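Dropping the structures in below, format is structure tokens.
Consider the two complexes below, in which chain A is the common component and chain B and chain C are the respective partners.
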Partner chain A sequence: MEEPSKFERYVYKNASVYHYMKISLVLENGNQNITDAQFKQLIICGLRDLYGEVGASFPFDLLKFDQNELTGILRVYNSGLVKLWSALTLLGSYQNEACAFRVTQVSPFLLALSGNSRELRFGDQLIS
Partner chain B sequence: MSPELEKCPRSLLVCEKSNFLNEKSRHDIHVSKHNFNYKISVLIPDCEALPANISSAFHSFSSYYLVRELPVYQLLEETFIESHVKKGNFYALSYNTKIDEENTIALLSSGQLILSLDKDTYEQLGLEGRPSLYNHKKAMRFVVTLDLTDKSLTPGTKRYQRVLSSLKDRLPLRYDFLLTKYNTGSDEDQTLIKLLSQYSYEEHKPAFSHHTLKNIPCPTLYPSDIQGKTLSCDPHHFLEWLGAVNLDISCENAADSFLSTYVCPEPQSSVSQALLCTVTGFISPENVFVLLQELRQYIDEPKFTPWISLTVHGFMDSPVSWGATEHGFLKGGENLYNFVCFKNQDYWLHMATGAQDGCPP
Partner chain C sequence: MSVFMDLNIISSNDKNRLKSIIETAAHLGYSTVAINYVVEPQQKKQEIPKPQSVSDIFDKFPIVQGKSSPIKVLNRLTIIASDASHFRPTNEYKSFDLVAVYPKTEKLFHAACMTFDVDIICIAVAEKQPFHFKRAPVNGAIDRGVFFETCYAAAIRDTTMRRYTIANAISLMEVCKGKNIIMSSGAERPLELRGPYDIANLGLVFSLSEGDAKAAVSTNCRAVLLHGETRATASGVVYTMKKPKTPQKQEEESPVSKKCMRCSAHSWCPVLTAT
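After this line comes the complex of A and B, so read on.
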């Protein structure tokens, strides 16, 4: 058993290397069968269209993908957040069909994505 | 490529290390000052079944009420102040009001009523306040703080009459509110219900769920190394891993995988089972403290469990984070804290906030 430790306090400012985004894809004609690889490829194409090969050459991770809801969680380096977010905003079509990405939540902490108080809803609540 | 594109909002992470038995330990203050709690999650590695004392702690959480269209002046009514506000342990927060777009009202346990208002509402209401700390170039948001326990706001005084008439006649603000009171006696609940019965209200119990995770990689943590320099993993990586566990994200990806390269931080070990419990609702800090005590008792008993993690998420749209420190929503409104409890009653406390937040205490 270790001895009880003394008090220590550290403050980290902007020390999180990544930002995390919870997004969902909305298709005009309802859900299609999109795999996780196709979902990620769609985002990469959107990035390339907006920023070119060099501008889009930063990695991001698709940490989780729900095929039924077409929602995903992305992880991107801080320097790529603005580019990724803007590419998602301006992405308008998938296989010639109109679509839109909705960004539900963005945070420098992945843990914060698991507790979004804006999702607190009650039985008879209309989704606003 | 323009360097402006590579900027991102600032974030703060405060890491504290101490021992629960240390008399100067501030764990109780940190918990009690974080007024509005939305979700609590507990992760216990090497645990299969929900322990009885922890289950009963969760089920003893106080109910909360959702009141529709409650006029804000009602929170200043004399009987309300006497029977609830002055006694403390009473919390109220306007429901479904986005702090970056609309007005938000909050009542803290200390008796402070905080109104975070947009410019038009502030000017029409005519109460004394100050501009928000997080205004950009023009002041578009103002914060009015009323201390309902202060002598100058005792019912009957001129100032009280002025404030009451502003909220009642000049600009009657009405919002849906979430209310909760830490249970100390059932008769106090009755007076609250009598007040609420004039409006449409529902009582809710915080929603509890739990499940067991099998065969997961788990970071190794040593209480003495909170910064993750030698024996433990880095605090950011640890919190990221906790997020991955809560969100059911796979931690076993190859480094050259197309989809995700996320892996559990080193040093790590494999754990055959872990228990994850969550409870969501409008939860008072006193309930969190009771749960923390039960978790401390659980880990004190001889077990395989090396540490327990307790995560508490605040409300994104709350006008305050800890105490009366102003909180805002820029691209996110996170204000969360996480305890890691160890066997010798050592603990780590991580407090994380986003861009529009003061430094956690």
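After this line comes the complex of A and C, so read on.
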């Protein structure tokens, strides 16, 4: 009789250590010249206002930044996601000017940020 | 899962500003918004403003992003009550879809939780809560189906108000264990709105659980809407509906109908007229 083939099953509860966020900054008076360093500094200020020095020193990275659209991709450890996200939500002003962060996508996998199912178009006949 | 709703957009006389706020809300993914008319009856004459019809604002409502249906706009009234006589449900309240009260004293808070005919009780965001929440009235309100509301726009505007908002919200969550909470914007400008998932994440900061935080923006808001609808009914079972007008009969047909239907011989029937 043949031996039954053995299988091994791996179940990952949380495969990724990081979370990636695609965000964009909306300013009241239209576009200004914000460099990537200023963008990151703005986010760190927001973290410091809400969570203090300990929150501001939590490491996160700005992976991509588009200066014309003011959009970027952030990477943060899983434990810091809630803090970073809430700091972005409550950030209200940049240099005495009203602004808002719009979080477009959040995903533990970077590949998921490349396609947005909200902008998916099947074809003209399927759009109701 | 229920759709996302934002039940507090401060109304203003500037129509363009209201239009841009509602367009931003539709773009962010909210399927329903409510325009809030805030009334503070300090003077003797209590003027309840009449809500402007929603079709005045838009000819064609903006489509909610991600769905194909337009955004729904409702009217809501908030009474800032510092005295028990300020809240008197009159007929003018009936023209609003939702009624909310903002109690300023502990006695009013207790009365609002137990007896007032409201849908929403607002929690202070711009100042330190002058009284502590007691478990008894809060549980009474939860049993009755009244919801507590926290607004987050003040937290975006000012850092001092941010502390008050978070402190009041956390003390409320402590008492009510995360039940019957809704979170709404209280936005006066389009840049003060935030997306629904951002607000669900803010609920986590207010020490809600993940399920409760998402429900605060979706399921509980739907429950508030239904509670508001049942206010116009009898215990939510019987309701009145406007009957569509039946077309009037023409003049030539009336002599024909006068003929007796039993025996089409004469115009009046001795049997039927006896009844």
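Throughout what follows, the second predicted complex is superposed on the first by the 111 of 128 C-alpha atoms of A that agree within 3 Å, B and C clash if a C-alpha of one lies under 4 Å from a C-alpha of the other, contacts with A are read in each partner's own complex, and residues count from 1 in each chain.
Here is the rule we go by: contacts are C-beta pairs under 8 Å (C-beta built on N, C-alpha and C of every residue); 3 or more make two chains touch, one makes a residue touch a chain.
Worth saying up front: this structure is predicted, and the values here are computed from it rather than measured.
Participant: In the superposed arrangement, does A:R48 touch chain B (first), chain C (second), both or neither?
Facilitator: Once the two structures are laid over each other on A, A:R48 reaches no partner at all.
Participant: Should A:L111 be classified as contacting the first partner (chain B), the second (chain C), both, or neither?
Facilitator: It touches chain B, and chain C stays clear.
Participant: Of the partners chain B and chain C, which touch A:A15 in the superposed model: first, second, both, neither?
Facilitator: Touch status of A:A15: first partner only.
Participant: When the two structures are overlaid on chain A, which partner does A:E28 contact: first (chain B), second (chain C), both, or neither?
Facilitator: second
Participant: Which partner does A:A98 contact after superposing on A: first (chain B), second (chain C), both, neither?
Facilitator: second
Participant: After lining up the shared chain so the two structures overlap, which partner does A:F7 touch, if you call chain B first and chain C second: first, second, both or neither?
Facilitator: First partner only.
Participant: For A:V82, select first, second, both or neither according to whether it touches chain B, chain C, the two together, or no partner.
Facilitator: In the superposition, A:V82 contacts both chain B and chain C.
Participant: For A:L63 in the superposed arrangement: first (chain B), second (chain C), both or neither?
Facilitator: It touches chain B, and chain C stays clear.
Participant: Residues of chain A touched by chain B versus by chain C: which partner has the larger set?
Facilitator: Touched residues of chain A are more numerous for B.
Participant: Once the two structures are superposed, pull the chain A residues common to the chain B and chain C interfaces.
Facilitator: Of chain A, residues 82, 106, 118, 128 contact chain B in one complex and chain C in the other.
Participant: State the interface residues of chain B toward chain A in the complex, per the touch definition above.
Facilitator: Per the stated touch rule, the residues are 1, 4-19, 21-22, 24-25, 38-39, 41, 66, 95-96, 98, 202, 204, 222-224, 226-227, 235-236, 239-240, 242-244, 246-250, 258-262, 280-281, 311, 313-317, 331-334, 336, 338, 343-346, 352, 354, 359.
Participant: Applying the document's contact rule, which stretches of chain C touch chain A when the two form their complex?
Facilitator: Chain C reaches chain A through residues 28, 65-66, 68, 152, 155-157, 159, 162, 189, 191-195, 197-199, 201-202, 204-205.
Participant: Can you tell me which positions in chain A touch chain B when the two form their complex?
Facilitator: Chain A reaches chain B through residues 1-20, 36-37, 40, 51, 55, 59, 61-65, 73, 75, 78-83, 105-118, 120, 122, 125, 128.
Participant: In the complex of these two chains, what residues of chain A are touching chain C?
Facilitator: 26, 28, 49-50, 82, 85-86, 88-92, 98-100, 102-103, 106, 118, 127-128
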